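First subunit A sits with subunit B, and in the next complex the same chain sits with subunit C.
Right after this comes the complex of A and B.
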């Protein structure tokens, strides 16, 4: 037992050491020239029996966050609040696995669009940047020509459309046009598009903009299936495709050397029961040579400053423009609010 | 015969009835359907937009060569003109003349370059944008000397090649301008913020353990004086809003390792850890430019950055992130730690911030050139010729970007026929086209400030046109729906109407429609 522990210690030490040391891409990888990473994660369906879609999207959210994309660069759209659903036997939690091991709702989920804000219009506005001028920063996709974007959609779909909120749908043509507008405005460097719905591959068939790699949980004419039920919660809690994706992502860490082609073959037909579709003709690089962290991880270039300016004399600003310095007034309120009551005597 | 009359009357009734159907459905209905389902599109100046040539912009810049004698002036002017012949992005308008005797004598007399600069400033107008003076001065230790004004001193004819190098890599920067014009981003463009008129600057003082140490630092006043004086110089380019905030108790795990450095033990932090600090600061407060001063807890001071094991020698550990902002890590000394009071070294902190801000706003580093001396900065203000360079850069960038936006918008509107183009969008596009033209004219004339003004208006209008929320109306009425919904509804009604047309025409022509039965 002692020996076992020692070996464990040594191994963990080595592991730690290799994590701490420099990250170097092996030769066979194509270097990407993106400068930042974004993720748009969308769950489009409402109602309790669609619990699994919320679990899907939150699990992906956790994974990309763990791999380094900051919350400010993740747009999370969830159309229904399962954690607070009255039928949820475990309020304020959402699990993605039987035995309720991982609560994906956790305590730091930043939902950017929720409830009825998740609409086709808002989704397309978000992508194309045509948001109303008073939209807060957290609800904008502030990408530029150096951004790699991960788009994950889950919900109910059909041949050529994806249903939003049980009341409207986005067609594959609209989605393709939205992406083209993004390309024209140079709002992305590369996009990795994942969709987990029935007949999912129909959604990417109409894409015509460059630098998009797309994958779908099922081909046209096929259904995407859910993975398993949690009998305590009483509904299916995750979809098959996303389940195997998560299983794969579990073993990915920020310094992983796994490639996109490994990701694309993550769910064989024997496991998914549907055929995973891939579209790679728009993507310039070879998925065999693209590290998965180009989309799931985050790059954040840092430049060390070594040349400060040696300021001789402290400057004084000449013109002072609208400086507002309001002196703060702090005092305790009286314990009994007698000042609010008119003297009635 | 009354039977026939009755028949005729009946037939007339029938015919008028079907004529009214034809009237309603075909004469009123069809055009109405076509008109109401038409996508509203304002006529746009497509020809003008397609004629834009984004690679042909250039800026005219004035250069004045003043030398001790006519011959030197002419030779230097000729050399410079020859060197800048190939670049199509800057057109130099070079004037050369002999120094006035008076100035010549004074320049020979004064010992100090700074003083000489003042003398030149008194004699010629150095406040004019986009005009650079090259002045001969015999008493120089190097070939070329450049300070903060729009003046370069050179020693003699032999300095010509150094002078050209200094002009090209420091002052006029044609390569940088080409990067602003090109489609792919160059290194400088990856670092600097995109041209925006309004910028929010937020300075954050992070003090993770306020209970252990008192920090003496008047953040709002320092921000106002240092950064305020700096940004006032850039008022042609941007409007700034300055804000400051204190953050307590946001501790960051540096994963520092203790190493014995040249002056005692140090804490080494890998550069790879730094992006995570940015992520932590990201969620705290908004702003387009973020400056953060992080006061290090005493148990990790003095902190030194290292890149894969090699110590980074810098006066202060600091770093910046492109298009984001900068961070300075402040090391309280051992005495200050034991005293529990830290006085922030304001000049050093702000000097570092200004150095970072300069790069974020587009002022590039000046690579040293042998035999050329660049007076190091000792105040927050940028050099005057750097401002001109920045104006040139931003002008070109914005004109090019406006024209590219318009071009791709035009392409997009051609590609996707369902997009509604409202009068408002049309107006924006029109104004962007006009301003882009004007900016180009001013660039060619060399009036930088006006050119920049127009370029900015053009870019703003083009941007607004592209991101105008009303351009989204395409979603709800594509062509296939136009046919898919109305045709199943109308076609069954249209059949009898169309079939009755023949009879109707015959009847109107007075021909018998129904063959009369012969009894």
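Right after this comes the complex of A and C.
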């Protein structure tokens, strides 16, 4: 135990020394003290004519993943399976643009909650961590006090509620209480809350927990509109706000220096046709100085060392491979495990 | 009820006011109702149509229909086939259709049905429908859309539908390889117009001819061959119409049908499309479907119209627009009154399937819209893309049409009037009748001490009043009232315990009394007459065929005519039983008549507004002028009233209307020619309405027999019974 402690002390001393003196880091890095990043991306509406909401959420998923949050830390909730809808003339694909260049429902999509699993109850349980004990890891939000969470919601909303599926809705008060519970249970460090629905800003007005930065596609009394139609598929393919968010995110890289304030002004009224709402009062930092990667990127634990590393046994590469491999004989397992039974007789 | 039965309310202010103003009030109501109806056509009083159903996504998708060439080919081949093999027969080229559909890889079936003609001498008609099912490739067959076309032979007097059938086949060819269908598409070609359609729909929904639930499951107004006649062996044979249409069975089915489009295109090169919506009993398809079709016609650059509203004519002059809209509305009213569907779509509605007909129209067709010759012609390409976009929109549906209006009127292709806007017009008409009924009621309920009007002449009638109120009034009140009148009734006071018994006695004595038995019995009898008339046509046919060897429409017509004459002569006597009639009795009859007529009109109007409003508009004046005839009344006025009443006899008014109609159609003919034409038309109309009622469940004949005829008889009775004062 003593030995471990000593090693730890030495390492931390070394780290401190190296960080403090050897490398210059950008200013922003000091300010955030989060240790991991999570994303909760939710599409709350089903039915074919809501194709655009699925496209919205999958586009955000794609961007977030590209910027470094691994699938294990993204909870993706999608209410309907547009790709396999019989009306889809492009089966097994979902596009977010009429040019149909990117299939956002590509090879590497992990949907954690799907279909009727996307319910208000499941969403609140997910946020607050009060899930049934047998819930698989992929359906849990395993955050801690060092987690920065990106929450993105899209669907049909009204003044003070967001409709889930075709039968229920979450109110702004319920959502605010869920976030407060998260705060009290130390489940987050900071939250960036994005919502793209009609009258979206009503959803964050009731928030009262600290360290939340919220933005919405429209103010109360306004509709959020779709961007354009894909006439080959015959649906509205993406919403305006998300379209411009994506346009912005496409130019963001894991190392970019863009700040959150740039993100917040991504969709002016001339483009969105609705006013983008922002709530800053709960957020302690200045969005001008918060890098966008604090929420969209991921923390990668990097240990910087200035000492040289000596590799003693460098493996030598064999020049010739003369060994003839005997092909391994493969066979199917017996249908009934007789080989196990024999021993007991 | 407390208000109405309060003996002192005769002095209440509103009662006095009502007594004074009721006749101008009724008149104003009537005028307002008519005015309201015509105002609805004005732009300020109706609304722009809009889509309620999000799922439709109308016209978002690019059109891909490219089977114009094959449509032309199918069209020509079909016509060739008809000319070669079916020149002089009315049969449908079933093998050809089955062959073509099979080549298109549809699941093809034929469906046989039989009609035992209910009013004939055992004629049996047989028919065959052909249908092919395009199975949705990526989903189970739970829902379906129907594209249908009636088959019409070359010798048919109606326009052919060959282009519709050609387009349907070409569309099937185009749609078969598409992978986006979420609903099956049934391509159906029916024989014998609506009969084939009705048989197919009944078979599709599993209705059997033997089944008892056949009529009740369709919420039919009337079940033919009712229990009443089961006891008479001879009558049973005549009145047994339960088995008139045998729908047979279908060999192949799909899911529940969500919507249907009926195509009636005689040629691909017509000028414009008429969208026909009126169905059985005036039922209409959901407004969303109607809007969808109009919108997609615009998008596909196809001229379209509804009645008097043409898509290529949009006037800015408000007055012209108003008049145009009025004609459109009246056109709709005209086609809804009879309750006969004006296309095969109309039979779908009762199965909760939204459907409409697209009919191709030319310059030669009736209507003659302005500037028609400058229009470009339609083509299979335009028709194809219209049909494609309509079906792709319907394909997007997630549930049945339920969002928009089911009860509406169209003032133009893009303007509508909702039920909330047109009902006040009918309510005012019925309100006028109810106001009249109420005013009669309050004159009946006089209290002589406080009666301001001092109608001392009718004081004796208070006994009757007491009688009538015996169930509502407390016994003491009743007694007080009765006590003041005659000595006979003093006994009543003395024997308070046997009050009820006494009154029965009083009634039997009948001294200026009020006989409930007389009024009630008459009321019941009159309705029984109506019911009997409703069930008589098969008997007329039978008698006519056996004894006079007349065709059934002639025997039915003369049968109805003679029974009407019988009613006209005999019914006024029905009221006069043992004693002389009193003012009160006749007033009660009048009130009953008013209440029945207004309630019936309202109830009918909720389902079929044009029928309800027309009945109300026609019979409200009669109901308002009918009043108890007193001896001293002017003879001339009475004569006028009687003539008006006679003219409004249901059969007579039908004949008058038909004569006027033939006058409009053939203005050059003489008066006798006109009369005979009108008579023939009336004969046909009656026959059609009876047959429609038996085969399809049309209400018109039943309503007229069971409601309008009895109320008319009641008013006739009132006008022919004078009372002595």
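Keep in mind that, in the parts below, the second predicted complex is superposed on the first by the 271 of 345 C-alpha atoms of A that agree within 3 Å, B and C clash if a C-alpha of one lies under 4 Å from a C-alpha of the other, contacts with A are read in each partner's own complex, and residues count from 1 in each chain.
Just so we're on the same page, a contact is a pair of C-beta atoms (placed from the backbone, for glycine too) under 8 Å apart; a residue touches a chain by one contact, two chains touch by 3 or more.
It should be emphasised that the depicted structure is a prediction, and the values quoted were computed from it without experimental measurement.
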item: Per-residue contact with subunit A, leading partner among subunit C and subunit B; value: B
item: First (subunit B), second (subunit C), both or neither touched by A:308; value: first
item: Partner chain(s) touched by A:232 [first = subunit B, second = subunit C, both, neither]; value: second
item: Contacts of A:339 with subunit B and subunit C, given as first, second, both or neither; value: neither
item: Touched partner set for A:330, first subunit B, second subunit C, both or neither; value: neither
item: Intersection of subunit A interface sets (partners subunit B, subunit C); value: none
item: Interfacial residue positions of subunit A with respect to subunit C in the complex; value: 47-49, 84-89, 91, 229, 231-236
item: Subunit C to subunit A touching residues, read off their complex; value: 54-55, 57, 60-62, 136-139, 178-182, 392, 395-396, 398
item: Touch list for subunit B against partner subunit A, complex; value: 185, 190-191, 194, 220, 224-226, 228-229, 232, 255, 270-272, 274-275, 278-279, 282-283, 286, 305, 307-308, 312-316, 318-323, 326, 328, 346-348, 350-352, 354-356, 359, 365, 376-381, 405, 408-409, 411-412, 415-416, 466-469, 471-472, 474-475, 478
item: Residue numbers on subunit A that touch subunit B, as the complex places them; value: 20-23, 35, 68, 70-72, 120-121, 124-125, 128-132, 137, 144-146, 173-174, 177, 180-181, 184-185, 298, 300-320, 323, 325
